[in-house]
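Two complexes follow with subunit A in common, the first pairing it with subunit B and the second with subunit C.
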Partner chain A sequence: MSLFLIVALPFLGAVFPALLIRAGRNACAWSAGVTSALAFVGLMINLPAVLRGEAVTARLDWLPWLGLNANFFLDGLGFLFAALILGIGLLIILYARFYLSREDPMGQFYTYLLLFQGAMVGIVLSDNILLLLVFWELTSLSSFLLIGYWKHLPEGRQGARMALAVTGSGGLAMIAGMLILGHIVGSYDLSVILQNKELIQASPLYLPALILILLGCFTKSAQFPFHFWLPHAMAAPTPVSAYLHSATMVKAGLFLLARMWPVLAGTPEWFYIVATTGLITMLLGAVIALFKDDLKALLAFSTVSHLGLITMLLGFGTEIAAIAAIFHIINHATFKAALFMSAGIIDHETGTRDIKRLGGLRHLMPVTFTIALIASLSMAGLPPLNGFLSKEMMLEETVHTVWGHSHLLVPGLALLAALFSAAYSFRYIAHVFLGPKRSDYPSPPHDPPVGLWLAPAFLVVLVVTIGLNAQAMVGPLVKVAASAVTGGELPYFKLKLWHGFNTALLMSTVATIGGLILLIMHGGLERVWNAMPRPEAKTIFDTVIGTLTQVSRVITDTLHNGAISRYAMIFVVFTLAIASYAYFTGTMELPTRDVQDAPLLPIVAWFCLISATAMLTFLHRNRQLALVLIGVVGLIVSLSFNFLSAPDLAMTQISVEVVSIILLLLCLNFLPKTTPVDSSLTIRLRDAVIAGVAGVGSAALIYAVMIRDFSFPTISEFHLANSYKGGGGTNVVNVILVDFRGFDTFGEIIVLGIAALVIFALTEAVLASNVRAYLLNRKPEWPQSGDAHPLMMVVVTRVMMPIALMVAAYIFFRGHNLPGGGFIAGLVAAIAFVMQYMASGFTWAAERQRIFYHGVIGSGVLIAAATGMGAWFNGLPFLTSAFGYVHLTPLKEFELATAALFDLGVFLAVLGAVMLALESLSRFAWQPGMVTEHAMDINPKRDDPPDPNTDQPASEGEA
Partner chain B sequence: MITYATYFAFACFGAALMMNLWRILTSDGVGVRVLALDTMVINTIALLILYGISISSEIFFEAAMIIAMLGFVSTVAYARFMLRGNIIE
Partner chain C sequence: MAFAAELLISFFLIVSGIFGFVGSFGLLKLSDPMSRMHAPTKATTLGVGGVLIASILHSVFVDHHLSLHELLITLFLFLTAPVSAHFIAKWHIHRHETPASLPDAGEDGVWATHDIEDDEDVAEMPR
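Here is the complex of A and B:
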């Protein structure tokens, strides 16, 4: 089966449990199981090739210019991990089916589990480190969902958050490390990176890359000092703990250590960082595990300890140590998953996981006892079980390891860890199953149904058979996996039970006997342990996170206090700082252009502009006056655009100006008419200085630019040369809008449409809320004039309507070659309609408005899109325009361009958006009684008797 | 002759623009200022057309037309706001 399919199957299959839970819990579990089984079978098909030492690959260039390729490859190491992930995944799916209660949403559980499974398989099969990082983050996210699966438990939520924070930040460090690594090698493909050991280790960036990647590995694999999240993640349901926290996710870090072993290992830095961390973790985890009363906490710390063991072996950097590490990965996965499941069974059947409340279960739960006994003895490292074999190999390796100048340090500490390891394993048996039967179990213990014990039983069968016949069971697999780790030939080795009387056997014996002694002394030791002050990881973590939150809140609140003057100040000061830096460090050429003479009239216009702006600055608190002054500014700006030969801009400017003023006046009806004084005089003076400096600076910059020629050729020559040739129009501005930058315009009309729809939606929401009552009973703030719809105005606007529309059509059609175009035409047409609303009233106009503005916007966007897509039928890219000339007999020859059709789309979208926005806003002011029969009413009360059928409001009268 | 005529007209409308500005800067209340702005729009249209005449170009004609049309609408909007508070009712 293709590697793509193996990776994709869990992701594809993740949909089914969520859907099939409606068909029952069995269907749900089956769908998850079948998915995993299919992927597992697909993997097994590749087994013969892997055992022959071939690497199976699947390649797909995804984003090659970023170095990101969807490349997968399967070698011995990848196969081993994928088999563990999928195989144990199958057992977990079976176990979880019987473990989860009826109240737990099972569909969600299996969906998360399969997502996690897919991400894990993705990690171990990736041949591209960027792809690997993507899957790495996916495991962090999906494990977050799984740990926090019991959302109602605070411990679950907190544990999930802690796991995400720790592994997520480690993942960030690892991204940096991987990028450095890819930078050193010049490729992000693992198979290339693994060939470049000398290059990487000679690089000065080797150490930073190593440390960053190790941070990722150590956080994921719960190595000291990041081990604290793992015990807290035990708040997850037991299947999750058994799967993520013993067999798979925590081994992802180990996997990466092993994967990077050929290029990163073998240096003193590697040895001292990795082996030391592993050793400390192994010892610390084993010691703490002995004093935990919660079964799962005991197993969690034991896992931490065993992960440390494997890390240490990988840190040694020798081939035999790598073999031992691989072998122990298999063994640990089998016995630890079985132990977690047995702990889950005990919790499930007795109602508690507290060792202090258990004991004497061997007669009550014989099956569970057998499973737990074999798995614990394997964990303790007793023959003939598989844990014994790899522990022997580990002890043997430590004897040959020199740390600093000491020959005894590593073996001594390893022995101590093995001793504690034996002790907590024995305790798991002695304090839970042995001893007298008790009468105070929370619920009467009995063996679980077969579904629950089948999976752990299968695993302990493996524990025994691998122990008895290691070479035949896993020898070839360990060999190919270890040779993938070391990246070369391995020294001869044979996995066997009996190595003769050697140092390792002696150390094992000491550890076992010492472990028994520790167990006997446990009561006394525990009192000493509990009396000792110990740092509580969760408190430290909470303090750190709390402080970080506090700091970021202070920063955020300082920068974003809700006042726009603050934002503007930060922005302007920052820009000023950068600009000053550029000015003082850069160079400036001498002016190349002469300053032109200024005629008198432009100076007059400039004076108007400056005066109006200055006045606006001082009088802006009177909002209505401010609008009038803005009108002056807009008018002069439009005049300047004309004077500077940009009539298109001038027309756009003035039409946008008018529409905005109408919009603002509509809003001002509901807003305070004056702006309150918010900030003190000092702050305003400060802001005035900043604004003044920035204004003078901008003016100086513009002046400096204008008296020099451009350093680079501008794009305008291209536009001028190609406007007619390529776009069929002589108005370059319009051709840019509808052709050169047509895609931008297309996006913009969509955004415009969305904005108008949002205004509509907000209006609907506000009018449906209790604000409506206030709006309906609003009284005008000042006396109103009597004529709602003055006769003169109604007549004038109605006469002007066809003229305005004609102007819009004229502007639209000439747009391609002369100033104009769809955008301006849309605004003009919109203003023609708005005039009717203003003069004859909302009701009158709305009654005559038969096409919904939503539809106008939509048809505009669709027409533009269809025009763009038309190019596809000629085999050209989206929005390529075409034009030709048509001669119809009575008319002169005229040009037809697809760009004009696109412009029609722009026209409709603009028209619809403006009208929808204005109409929505004007609906706020609607009050009952505004319905008038007389669109041209000259206060109907004066000469017409009131119509009894319509409510004439009192407000229409005397003013 | 036409050159001098346009110069004269430029001078008149330029002066008119300054007078409008004077009204806007010194008047009390909004109403007079709206009227001044409306007059300013008319003077601007004249200036645009004159400018077109002086450089013998038709290119500003449409811009002047649109300013004329839209200037009227914005004046109406200001006026309605002052009279009724609500410009679309």
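Here is the complex of A and C:
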């Protein structure tokens, strides 16, 4: 199966659980399971090739200019991780089906889980580091959703936020590191990067890149000092913990360490940073785990400890250590997933995860006991289980490791960690299952249904069989994976139980016996531990986040305190400063153009413009008057566009002007009619000076630009030359909009549609709140006039409607060759409709509205998209336009262009967006009783004609 | 012929100029809004009308083709000018007149603009 499909399957399948939850919880779980199983089978098909040592690849150039390609490759390492992700994913899906209760939204759970699974598979199969980063961030986001799945629990939300903050910021550091790495090598393809060890390690940027990438890995893999998020993520449902913290999320950091091993490892920096961090994490996690009473917290810290172990092994930088790391990744995934599931079972069946309240469960829950016993003995590293083998290999490696000048430091600390590890593993058995039966369990314990214990039981079988027969079970896989890590030939190795009497066996024995002694002494040690002052990670984290929030709040509030004048002042002053800097440090060419003569007409227009603006400055407090003056400014701007031979702009400007004046009038309905004076004279003088300087500066800049030629040739020549040849239209402006820059336009109409929908959604939200009561009881500031819908206006607008629509159609059809086009036509049509609202009243117009504006927007965007996609059928890129000439007998020859269809999409989107926005705002003004009986209904055929003597139209006006 | 045509075109231009001037002058000179409303009507009807007739004649006699776009302009003016005038008048009645200060409205009893339901909560009208 193609690697694309393996990566895409979980994402595609994520839709089904969300939909199929309506068909029941089983259908939902099955759909998730089948998706995972398909991807798993697809992966397994590639197993023979991987075992032969080949790398399966799938390549697709996505954005080659950025170096971002959708390239995937599957080698031993990728295969191992993908198999763990998909295989354990399947078991988790089974387990979660029985774990989640009826109240939990199961569809959401499986959708999140599959999204997460897809992102993880994407990480391990990516052959492009930029693509890998995309998937990396996706895992942070989807794990956020999973950890915070129980939204009603504050711990869940806080844990999810903390995980996102830590792993997300680590991800940011890693982006920088990866970019540096790509910069050094000159390629973002992993397979290329992995060939360039000497180049990278010789680069002066090696250390920054290493540190940044390690930050990403360490945050993700919960290495000290970033380990604190992992225990807090335990607020998630147990299937999530089992999945994220045994096989996937936290292993992503290890995967990347292993992936980058060939090029980053082998230097002293790598050894001291990675191995030391791993060693500290391993020891710290093991010690804390022993003193945790919450089953899942114990397992969380033990996970931290084991992740530290693997990190340390990768940090050693030797081939055998890499083999041990890979082997331990497999072993840890199997026993830890089983342990998490058993903890979930205990929680599910006894109602508590507190070790202090448990004990004596071995007779009550024999199946769970067996599973937990085997898994924790493997975690403790007892033969003949798989944990024993990899721990032996680890201890053996530490013996050969020299830290600084000390031969004993690493093995000593590793032994201590192993000792604590054995102790907490024994405690998991002794304090939960052994001991006398108790009478005070929160609910009577019993073994769960088979669905709940099947998945961990399967894993435990693996634990035993891998332990007994490691070489046959996983030997070849470990070999190909480890050779992918080391990027070369491996020394001979064989995974086996019995290595003879050696130092590692001695250390293991010491660790086991020491672990038992620690367990016996646990009560006393715990008192000492609890009496010791310990830094509480969550408090520190909260303080840091709180301080950061405070600082950003202070900065934001200083720059942007809600008064737009403050914000504008900072913006303008800053721009002025930059502009003055540019002016005083740069050079200016001599003018190359002559100043043109000003005819009389432009001078008159200029005078009107200046007067209107000046009056606006002084009279702006009267808002209605300000609106009139703004209208004057807009009209003169459109006239000047026309004068400067830009009829398209003039038409657009004038229709936009009309629509925006109507919009402002509508808003004025709810605002005070005058602007209060709320700043002192000094402040206003200061603002006047700033505004004056900025205005004079802009004018000088524009003048300077206009009397010089451009330094670079403009692209206008290209547009003028290719408009007819390439786009089939003589109106260059329209061809630019629908053809040259059609993709921009497509994006813009989508944005426009979204903006209108947001206005609608806000209106809905506001009208659903208690603001509605205020609006309904609102009294107009001034008395309203009678006769809100005067006869003359109503008749005229109804007469004008078809004419205006015809004008819109005319403007639309001529648009490709003459001034006009879909955008202007859409505005004109919108004005035609708005006139009806204004003249005949909102209710009257709304009653006659057959098509909802949402649909108009949507169909516009869809038509534009479909037109763009049509080009694909001709093997051309999206939005390539085609045109041709048609001759129908009674008509003259005319042109048909796909650009016109695209323009139709623009037309509909603009029409729908304007109408939806205006309609939403008008709905704020609706009040009971404002519906006039007959709203100047001049239809004489009306069933109940108004009695001229008694029918008095109601009074309130609108818009 | 050409001279006669030019004479005719000039005549309409002058007529339009005079009425345009009269309209603007009246807008300045007359004192109260209701009277002032009358002045621009001359400018919009006779003033603009003169220019439009001159334009039609120009296209017929000078460019030798018939242009009727101007009729559309006239149509739109005839549609829009009364509505604007009507709204200005309505605004004046609403803000500056009381039922008592206006002539009798006949069988309707009160002019439409003043035909509002009593509502004590409405604020006093600012003058």
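Assume the second predicted complex is superposed on the first by the 598 of 959 C-alpha atoms of A that agree within 3 Å, B and C clash if a C-alpha of one lies under 4 Å from a C-alpha of the other, contacts with A are read in each partner's own complex, and residues count from 1 in each chain.
Here, a residue touches a chain if its C-beta (ideal position, glycine included) is under 8 Å from a C-beta of that chain, and two chains touch if they have at least 3 such contacts.
What you see is a predicted model, and the numbers here were worked out from it, not measured in a lab.
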item	value
Which superposed partner A:K779 touches (first subunit B, second subunit C, both, neither)	second
Which superposed partner A:V799 touches (first subunit B, second subunit C, both, neither)	second
First (subunit B), second (subunit C), both or neither touched by A:L625	first
Subunit A: partner with more touched residues, subunit B or subunit C	B
Which of subunit B and subunit C A:V828 touches, first, second, both or neither	first
Partner chain in contact with A:V604 - subunit B first, subunit C second, else both or neither	first
A:I662 touches, of subunit B and subunit C: first, second, both or neither?	first
Common ground on subunit A, meaning residues reached by subunit C in one complex and by subunit B in the other	780-782, 784-785, 787, 793, 800
Subunit C to subunit A touching residues, read off their complex	79-80, 82-83, 86-87, 90-91, 93-94, 107, 112-117, 119, 121-123, 125-126
In the complex with subunit C, residue positions of subunit A that touch it	779-787, 790, 792-793, 796, 799-800, 948-949, 952-955
Touch list for subunit A against partner subunit B, complex	600-601, 604-605, 607-608, 611-612, 615, 622, 624-625, 627-629, 631-632, 635-636, 638-639, 642-643, 647, 650-651, 654-655, 657-658, 661-662, 665-666, 668-669, 780-782, 784-785, 787-788, 793, 797, 800, 803-804, 807, 810-811, 814, 818-820, 824, 828, 831, 834-835, 837-839, 841-842, 918, 922, 925-926, 930
Interface residues, subunit B side, partner subunit A - complex	10, 14, 17-18, 21, 24-25, 30, 33-34, 37, 40-41, 44, 47-48, 51, 59-60, 62-63, 65-67, 69-74, 76-78, 80-89
